[in-house]
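Each of the next two complexes has subunit A plus one more chain, namely subunit B in the first and subunit C in the second.
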Partner chain A sequence: MKRGQVEINETLLVLFVIVLLLIVGMVMYFRFSLAKVETLGDTLDEQESTVLLAQASTFPEFRCNDRDCMDTSKFLPFRTTVHTYAPFYTSSLGYKKITVSQVYPLTTNVLCTLELYSQDAYPENCGFWMLYDRQPTPLKQAITASTFVSLYFPEIDEYRIGRLEVTRYA
Partner chain B sequence: MGTLNQKGFSGDLFKWIFATIAGALIFIFLYRFAFQHVDLSDTLQSRTLVQYLDDHLSALGISDHSSSVINLPAPESLFFQCGSVGVAGYSQDVHKLLFGPGHVDTDRLNVWAEQWSYPFPIADLYYLTTPRTRVLIIYDEASVSFVQKLDVPQGMNVQMIAKKSLKLEDLKQQSSTLDQIHLIYLMPVHDVKTITSSLKGLTVHLVEVDLKTKTLKYHNDQTKMFYLGDAMLYGAFFAPDQYDCLQNKALERFWQAADLMKERALLLRTKTDDAFCKDVLFEASKVLESMMNVDEGEVLQHAMEKLEGQNNLLEKRDCLLVY
Partner chain C sequence: MRKGQSEAIGLLVIVILLVFIGFLYLRFGLSGKPDTLNDARQNIEANGLLRALLLLEMENFSFQEEVSFCHTTSSCEDLKGVVEQVLSTSLRADMTYMFSLFAENQPLLTIGDCKLGIMSRVPFTVDGVFYEASLRLCS
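On to the complex of A and B.
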């Protein structure tokens, strides 16, 4: 091999090593950056869920008129509203599940539906309401937070204790 | 330094050309990478700030009639466009009825949240202002009772003044360092030209409110609008230039709430055996249905009065209520 060719090979080798080091550096940097962005995203999501949990009981869609409670007679109509105004609710609530269950006095662990509502035994014949549920595909994780709320049943003019649960899907 | 020899380029010359091209490519790559990194950092920072503002507002909306000050770490260029919040090229619809300045450079925001019921709960309304914005409510004898009932938090920089005490020259002097001034007249305004010429050089938004017909006129672009309840009127105090767009958004929320209340009335109807209660609840559901997609203030106000009457009737007869 001639001297010139050796020098060119040397130059190419040095360049190759530099490029290789750059690529390795970049890959590592992007991986760390991505991890940082994901952590930040999780933190923001978590904050949002905490605020949503505190806020959900005072949503105009659920709250009592002039009183600090959740009006259970709005729960079933809300399901219809969510379908009618799907674009608004899917973009404002995102991938979440919101449920309300009656804690005291204890009732059956049955989902409240229109059919059960129309029965005379209501509200003793069911125990929880599914207000909103939108899952991503594929579902990676689900984190649930809950708080106690005051439930008002206008049909029997009675207040009961309930639990509001907000599940954040990812 | 090599020059052309018999075999073509010398080794040295080749190396220089090669190193220059390779160096330039690496430099361009690093240059682009640095800019992309700065862009990404800015977007992340903007997104975090928007989320921070959104969370702060949501937390404020939990209690009725609450106000707060949002202090930002550094002055930011913020945009509030018809429910969207934007910071430095990043904008997000926060799904809130935010009445605030279209654009503001500040590190301090005064915020006030109010539950909007008309007469059933509809939405939470948020009002934003800065220390460099002044809202002046001008009243006369006919509107003094409204002003006396007005309960605006102190930090919102809202002042009330009787029309006879208003001196435009003094106002101009006092407001020379402000970004903008909102003049809310609770009476007919006949001297628009005098007002605007007296305050020349200031950014003035002029709103005329008719408390009887519940309408308002934004004199800057001659837009005529209406409001449903005082909470909505307060929006015109803080975002007169965006009120038109926000009024439409508020109406959409109103229709959603009316739809839900209609379904609720029909549901409650199944829970009573009293024929009178059943009839009134059904009529109320029809009134609520008639409000859907209506964007005329007068029609909605009339329907609301009818609904209030029906609700009072139900209350008297000890029936289940519409709201």
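On to the complex of A and C.
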């Protein structure tokens, strides 16, 4: 092989290494960019859940008239409202589960229904309300965040302590 | 340019590229997730629990009446018992708290021990007396 051919081969080899490094760099860059976009998406979803958590107790659908609390007598009608205006609530709330449970005083872990509500033993005969539940198929992930709320029971004129839970599905 | 010089420049380019790739890795791969959301949630939780506690009103107990009773008679055992019961049943087992109550800016009641954490304060009045309750949550 002549000297000129050796130098051309050497140059080609250096160019090949440089191109290889550039390709590896680009692949890494796009991989990390994609990971960052996915993380940002998760963060935005979490922020949305946090905002919902902070605002849910002030929704006109179930807030008290004069105090900073949730009126438990509005929970069961809200389920009917969600079914009646399904397109509005599915677009505004998306894939989520929203529940409220009584934490003080401690009570039974039974879902409150219209049947239990109409009994004399209410509100001692049940302990939590399902306000909204819409799951995607297939369900990949469910992340729950919660806060405390004041629960008003107009039937007995009492204010108790409850926990509002927002589960975000993905 | 001599052959040695051109080879040195080639090596320099490769080193610069490697440094650039390393920088990209450090920039995107090792950047930690910000913790502000957790703080925001803990703040919402502390604020919600304190506000719910202040509104607590049941058949034989009213939080605000009990606060007034505690202030006028200096007998705060019932109030302390209920606050401890509420906080211990509501909060997670790994979470500690410090609940403080002030009447006219004078300390009235302090429960628990927790120095570093998210704190929520809520002022309120009962029978013309200014009170302030604070709850600090640590986890």
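In the analysis below, the second predicted complex is superposed on the first by the 137 of 170 C-alpha atoms of A that agree within 3 Å, B and C clash if a C-alpha of one lies under 4 Å from a C-alpha of the other, contacts with A are read in each partner's own complex, and residues count from 1 in each chain.
Going forward, a residue touches a chain if its C-beta (ideal position, glycine included) is under 8 Å from a C-beta of that chain, and two chains touch if they have at least 3 such contacts.
Small disclaimer: the values here were computed from a predicted structure and weren't measured.
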| item | value |
| --- | --- |
| Subunit B versus subunit C as contact partner of A:18, first or second or both or neither | both |
| Contacts of A:47 with subunit B and subunit C, given as first, second, both or neither | both |
| First, second, both or neither for A:77, with subunit B first and subunit C second | first |
| Which superposed partner A:109 touches (first subunit B, second subunit C, both, neither) | neither |
| First, second, both or neither for A:33, with subunit B first and subunit C second | both |
| First, second, both or neither for A:65, with subunit B first and subunit C second | first |
| Partner chain(s) touched by A:144 [first = subunit B, second = subunit C, both, neither] | neither |
| Common interface positions of subunit A, toward subunit B and toward subunit C | 18, 22, 33, 47, 54 |
| In the complex, subunit C residues that touch subunit A | 10, 13-14, 17-18, 20-21, 24-25, 27-29, 33-34, 37, 40-41, 44-45, 48-49, 51-53, 55-59, 85-86, 89-90 |
| Touching residues on subunit A, where the partner in the complex is subunit C | 14, 17-18, 21-22, 24-25, 28-29, 32-33, 35-36, 39, 43, 46-47, 50, 53-54, 57, 67-69, 103-106, 145-151, 156, 158-164 |
| Subunit B-touching residues of subunit A, taken from the complex the two chains share | 3-4, 7-8, 11, 15, 18-19, 22, 26, 33, 37, 40, 44, 47-48, 51-52, 54-55, 58, 60-61, 63, 65, 73-74, 76-78, 80-81, 84-85, 88, 91-92, 114, 117-118, 154-155 |
| Footprint of subunit A on subunit B - complex, ascending | 11, 14-15, 18-19, 22, 26, 29, 33, 40, 44, 47-48, 51, 54-55, 58-59, 61-63, 93, 95, 115-117, 119-124, 252, 256-257, 259-261, 263-264, 267-268, 270-271, 320-321, 323 |
